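The structures considered in this document are given below.
The two complexes that follow have subunit A in common; it is paired with subunit B in the first and with subunit C in the second.
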Partner chain A sequence: MLDLLVIGAGLTGLFAAYTAARAGLRVRVIAHGAGATHWHAGTIDLLGYVQNGEEAVANWAQALPELPPAHPYRLLGVETIATALGEFQRLTAAAGLPYERLDPDKDILASSASEKRTSQKEGPGQQVDQVKLGRNGQLISPVGAARPVYLAPTAQQAGTLHDDRPVAIAGLAGMPDFYPELIAENLQKQGRPARSASLPLRQLTDRRDHSPLQLARLLDQPAAQAQFAEMVVDVTAAGERVGLPAVLGLNAHLRFLTKLHEAIASRDPRTSQPDGGREARLAVFEIPTLPPSVPGLRLDAALRTQLQRLGVRVEIGMEVCAFHASGGRIHWVETETGSRPLRHTARNYLLATGGILGGGIWADRRGRVKETVFDLPLTAPQTRSQWLRPLFLDRRGHPIFQGGVPVDNFLRPLDQAGAPVYDNLWAAGAILAHTDPIRERSREGIAITTGYAAANAVASGQ
Partner chain B sequence: MQTAPMHSVGTSLNACIKCNICTSYCPVSEVTDSFPGPKYAAPQSERFRDFGHPHYEDAYGPISRPLAVGQMPDASVDYCSGCRVCNEVCPTGVRIAEINARARARIVAAHGLSLRNRLLGRNELLGRVGSIAPAIANFILHNPVSRKLAAALFGVAEKAPLPRWHHETLNRWLARTRAQRLRSERKVVYFHGCATQYYEPYVGMAAILVLEHLGYEVVVPPQNCCGLPMLSNGEFGAAEDHHRRNVDRLAEYVDAGYPVIGTSTSCTLTLKEEAPELLDLERDPGTRALKLATWDIFEWLRERLDQGQLPSDLRPVNQTDQPFILPYHAPCQLRAHRIGKPALDLLAQIPGLDLRESHARCCGIAGTYGYKTEKYQIAMDVGAELFDYVAAQADESDLSSNGSVSLTACDSETCRWQLEHGTGLPSRHPIELLAAAYGLYDLQARRPAAGN
Partner chain C sequence: MKRMQTEILVIGGGATGTGVAWDAALRGFRTILVEKRDLTHGTTGRYHGLLHSGARYVLKDADSAVECISENRILRRTHTHCIEDTSGFFVATPEDEDDYPDRFVAACRRLNIPCTEIPAQAALRREPLLNPRISRVFELPDAAADSFLATHATAQAARQAGAKLLPYHELTRLHLSGGDGNRTVTGATVLDTVSGEDLRIDADLVINAAGAWSGQVAALAGVEVKMILGKGVMLATNARLTNTVINRCKMPGDGDILVPIHTVSVIGTTDERVAAPEDLPIEQWEIDLMLTEGDKLVPGLSSSRILRAWAGVRPLYQETQQSGEPTHDSGDSQPQELPEQASPLDSRDATRALALLNHQQRDGVRGLITITGGKWTTFRLMAESAVDAACEQLGVSRPCRTAETAVPGVEQGHYWLGHRLNEVEDEELQSELICECELVTRSMLEGAAQRNPTVTLDDLRRDVRLGMGPCQGGFCTYRAVGILHELRAGDSSPVAAEWNVAHMQSPAHHHRDRSETEVHAAGAELASDPAPDDDSPQRSAAVDPLSAVSQPNLLLRDFLQERWKGVAPILWGQQLRQERLDELIYLSILNADHLPVDDRESPLSSFYRSDSSLSGSGL
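== the complex of A and B ==
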């Protein structure tokens, strides 16, 4: 019998399955469709804004006390959050898609990831250095704004705003939904040296309609890479770094990134000096695009590869239509098929189905809000007029987006009386109450840390 | 669940949130510009096709009304292979492949059907005619001159992997071995499909031998083509005739509570879902009863396994000490059942089998798609992901000298032919492996083992 059935295949579900499988549990993942990782910008945003806060959060570890007491981060605490992120970095590094901190003082601090991991193992007596640990970085957003980010993949590292090199934002003429002029103009308004440039896409392909994914597949081909590199070098001035839409290949983008960097650097007298020294900083970076998001697809592929290595099956296309529980325990769930329902039995169940967008919470036009699998109690307002505040950009956010499944410290869903609804059910990710992941810019952080904590809670109960 | 009311084909498009996940996974639009991708071809275009008539229904049935010029589906929808990978990954339950199938049917209803597509939809007829004199039929079909002619005259791809007629149909084998067949109180119905009847009767023999080994009498009532090739080519009227005939022919067994078990994943999917849904027959009682009675054979065997009813006398398939590396591909048609990959659970019971699960999206052939000259190369390009996977398993085995890959396994017949075409390795239905592991079947010669 399975030790754990994870429902949901987004970042939460896949990372929870990975954590549980590494702890020795027999795990399977089922999901209605492919996960929301495909929409992600591919960065790990931990905590960018707190309620009523004007400014972006500079240090998430120090900002935790400003969150509501029932916020998932408050339930977990700094140490668990840091350990979970360390594990995530370990996974992605093993998958060849390393995620690193975007720390402005990274050079001063020693290798942050390993330090963080060892400091966690010292036990509660050892204080985590929250000043060092919690610093957010800032990346250039697709509209040229500052975006608070904690971990970024290599391809986005050089997009940090803590870098005084001037920026050239290069778009592809004919590619929809990426606006270099807008990005450059907004950066200039913030007093940053920036300009825009355009690459002639027609030299690469005859196709008129391009999704980021099609471009990424095109740029997996060596011939297209060579031509593209030439085009990029042509528009780059000495000493600049180049921001490109996140389409630099799917399969081996890091190699291409290096090639682009070398092509630019070899033209640039300043960076080509043999001991130009600390110019290890890349001269190229990616800016996320609208879906399909290539950085999100790369992350999804990395997670799936690691799960395959651990022998965890991920079965997509399975929508839960029924479950059976008695004596405070869930005994099985059933998924819809082309004919009769299919029954799945496990000792424990982890709900990682996402929020309203991911399908974990259903809101109908009459104002009713429902958890879609186990019909769990929700904190969301059940009256439509209370869903939203009158002002769209209200700093407090909107109640409907903060509603979700309330949980205890072990991430077990709670009933109205505050007791666990089922002894063998856990919940993690965007479905949780008392967090507003899109507004807080905590989407990936919530997914990774609560998925990790729930999987560990299951494992320690085994 | 809450999205359930959206599941009817016509209205499911309203659930589309434009997330592009289908576009990310579509294996066809990845390799050709002829198909713009599922999101564009299905939910987005559908909204403009038949404004005011979301269900395509009128007094004459679902798809018969002629459309105004501007509402005719774009011809590019014909490049959808119908693999249903989009349905599988869609997080909100849009019936993308079915929307495309209906759009194709509208084009066929307005512009008619090519002789080639009509022929490809009639594999049952072709099977029956060829099996009158299989040797002659194979000679006529498979010599290079006629393949060139077929390509030039009809547009049937010259290199596409056409099957060979077997010297004995499944029905003739059943008649010949009647005395050996098990009689039992416990009965199941076997739905063989056209390919098993005429081209690969040994797959049916393997299935029948395994079912009998479990103690079940296997009833093989008269049956006809499930209608899928016609549905795929937009010929809905003929498909409905075929489906209704099957419903009638199987009704007495379905009413008696016999499970209807198939080895062809596309036929069983058609009985379960494609015919009821595309032809708007979900409320037809006979159709519904057959839908609920139909099983993929490994779906049914997995139930036996879970209930501890599977005989345990499984032996290694190969005689040597080397582990037997078996790349297994669950075809799209099986994944569309949404039953997981039950063959993996059963094959895992065979000792000494080193089972490798393919995560390739599609082999490319998609029923009759890859047989069309204009689509042959697309099908091969789609299949490259799978062919490369199989090749990688062989490489890996060479390095660790564990032995080489001599076979692949796949549940669907056209996919097996495409796999053989693309990899150069023979491919088997997993039921053949299970039958061989029970000692009932000769995996190399593809016939019942001596004494069966």
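== the complex of A and C ==
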């Protein structure tokens, strides 16, 4: 008998499954499709903006009180959030796809960290160490805006805006999903030294599909890599770092990244020189593109590899079509197969099907908004006229995207009376109420932290 | 102030105004046209795309029906490539009156509109999604028309004949001379909304072809033209549900037309009388009504994915007794059908026939003619009557030539749905696609941007169908902004001197043009007719670094909002999900709402911002 059946294979479901499996539970993941990981930028956005935010959040822990009281982050608390993110870093490091913080001053903090830790041992233990929490950094978006990001994979690290090296944005001529001139101009408007360059894509390939995924597959090939490295070196000036579209391969992009760095460094000794006592900073970085997202695909693959090592099966193509519950407990769910429904039984169930984008919530023409698996109560407005605001970019976001499943502190879905709907059901990720992860730029943060917390709640028998 | 002089000044760049400019130029008049936004920005660009056979009006508005069938035949010759020869069905559903079909057939016969009854089973074989409970089906020469392309083609024909067309020039003043009872319109002042400069145009005659805005234009000359503005709401589905135009065989009503146009089907329309031609609210009940009525034609239509909703305003006109003698005598009378509150006429019952107002006879104001009413189908006829009246006022006799003159591109033959895909596959242009939904290639976009005095992505949408497909600009908005910015940043290569609007929608043509591997022969016959200087390609405002509208962040923001206006009324189900993906792209990945702030606005920023399309929103 499974201890936990996770429904949904996005970042939430996969990280929850990982957490539960590491806690010793028998876990399986079933999902209709692959989740939204394939679409996002591949960074971990924790909390970029709070209510009506013009200014990006720098210190996320201090911004939490500005969130609604029932916001998932406030249910979890700073300590759980920080621990969950630490666990995520541990997972990705083990998978060979390390995610690091982007704090502008993490090095300064790191140097004083050891002392602080010592002093904290004697402290009350309630106050959370700023060093442990860290702050948001800023990365360059594909249109040249500053994206508030908490953790970034190695390939995106050197794109941080807290780095005074001038930037050359190099695109592939003819690639439809990346515009270096536009990025460079918007960086200049923000006072950042930047210029753009164009690499002759047609010298690399005569294939006609120039989607980020196809280009990444192309750049998995050694011959294409060598040629590409030559082009990049050609357009790089001394002392610059080069921003490239995130297409540097699917399988071994870090090795390629190092090769590119070395190729540039060999031409420009300054590049590899230590700077202010820090280790050599990469001269190359990736900027995310329009979907499909190569960094997202890499993250998805890393998570699945780790789950496989833990013996967790991830079954895609299984949409839950029915369930059975009695006595306040769910007994089984059924998924569709070619011939007959397939029944899945587990002690506990975690709903991680996502919001409207992921398919966990469905809104119809009559104004009904439904949770698609268990028909759980939702906070979403059940009238179409209350769904949307007149301006697309309204900073308050659109109410339809803020509705979701209300939960208790253990992330158990609640009924109208405020009691758990089922004793063995938890919910996590974008399906949760009182958050709009896309407006807040908290998509991955919500996924990781609530997935982690729900899995722990299950493991500890809450 | 800059000053220009012309014989005929046309106000309005819709189908009618463009048609007037074409007609006048062909008759040898020096002609200037001004339009406050882009060509087709008004009703022309917001209608369902039906080339009427006239049958819809045979029992209600015989004059309009006769005008329609006659123009239908002419436009098939003059604007062939702008028309898809879909043919049309009039179908009697169980909900419709039993005796209507017989009266309908008799009226078609009387008005000489070819009408063939075909067995319902045969119709269902051709259009399997039609309501299987239809009892009678009539086939008529209705068709689908691309009003954007047709207007651009007419515009190019007008330019080739010597007319000067000035989009983004807004009329601010009509100049009059003389005292009461002897006033004459002598010209106009217009505002170049891109540069912000005024331009004075002296004209022997001004033709008001401003459609729904005609009343406002006439008012500038102190003349009252009371328009009956009928708002129509339309919805586009994400696929073609039928390949034939479908009409209900009944008195015209709401939601009884289904037109296959390009990749979508359009269901329309409502007819609500409104006070002003702008800020058109789309109410939830109107959407629901379209879907409910649509189900009667194609069961299940209401659960298909809806891409977009929009509203256009019919510029209807019926001369009332108190404002002079009627210029148009409507053959049939409907007052007894009117609901009591309707004042003075319900827009559904107002005639669709054209109205020519000669203000010299009507109001004692010389130098001004208003042409209004009518249908898109009858735009050429409207232009003809307006220019006939102009000849009369100017005391010359020059016959109309538009009925025998084809616009550029007719040699392509009728439009067919597969043309873009065919070209993309033949020429292996897959990597060039900027908009996968509508098969728009990079070179089409560049061509349109360089050769059009265009200023917004919305213009590109009308020119090449950018962003009109299922993702509603989700992917192509960013790409188009990037490409326009590249055009500006790089020294944009000089454009080919020979430019044929007929190829605006052709992926392959532009590609060849761009790669300079092939001299295109398609425009050969036009080349023998040297284009006047002012037809030379204009540098796009979007490519001019000094123009406010060249700001990429502004283009992006405006187009996102423009798309939002059209999708917000129909967001539910899969399309709501699609919109959330678009949010993910523009907020989460691009952070487009935190781009460097630029307070400048394009001429259309406030228009897109108008929250009227969400008037039903309680927020």
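Some notes on this structure:
Note that the second predicted complex is superposed on the first by the 433 of 462 C-alpha atoms of A that agree within 3 Å, B and C clash if a C-alpha of one lies under 4 Å from a C-alpha of the other, contacts with A are read in each partner's own complex, and residues count from 1 in each chain.
Note that a contact is a pair of C-beta atoms (placed from the backbone, for glycine too) under 8 Å apart; a residue touches a chain by one contact, two chains touch by 3 or more.
Model, not experiment: these values are computed from the prediction.
By the touch criterion defined above, A:Arg443 lies against subunit C but remains apart from subunit B after alignment on the C-alpha atoms of chain A. Residue contacts after overlaying the shared chain place A:Pro291 against subunit B and subunit C alike. In the overlay built on the shared chain, the residue A:Gly144 is in contact with subunit C alone; subunit B does not reach it.
After overlaying the two complexes on the shared chain, residue contacts for A:Gln386 are found with subunit C alone; subunit B is out of touch. Residue contacts after overlaying the shared chain place A:Gly359 against subunit B and subunit C alike. In the overlay built on the shared chain, the residue A:Ala58 is in contact with neither subunit B nor subunit C.
Set against each other, subunit B and subunit C touch different numbers of residues in subunit A, with C touching more.
By the document's definition of touching, of the two partners only subunit B reaches A:Ser339; subunit C does not. Touch criterion met: A:Asp209 reaches subunit B and subunit C at once. In the superposition on chain A, A:Ala93 makes contact with neither subunit B nor subunit C.
Within subunit A, the residues touched by subunit B in the first complex and by subunit C in the second are 36, 39, 207, 209, 291, 357, 359, 362, 364. Within the complex, the subunit C residues that touch subunit A are 284, 288, 291, 302-303, 428-434, 442, 475, 478-479, 481-483, 485-486, 489-490, 552-553, 556-557, 560-561, 563-564, 568, 571-573, 576-577, 580-581, 583-585, 587-596, 609, 611, 613-614, 616-619. On subunit A, the positions that touch subunit C within their shared complex are 36, 39-41, 45, 54, 56, 141-147, 174, 176-179, 181-182, 185-186, 189-190, 196, 207-210, 288, 290-291, 293, 355-357, 359, 362-365, 367, 383-393, 395, 399-401, 438-439, 441, 443.
Against subunit A, in their complex, subunit B makes its touches with residues 1-4, 17, 19-21, 23-25, 30, 33, 36-37, 87-93, 269, 272-273, 291-292, 294-295, 335-341, 344, 357, 359. Subunit A contributes residues 31-36, 38-39, 207, 209, 211, 213, 217, 291-292, 297, 304, 308, 313, 315-321, 335-340, 342, 357-359, 362, 364, 370, 372-373 to its touches with subunit B in the complex.
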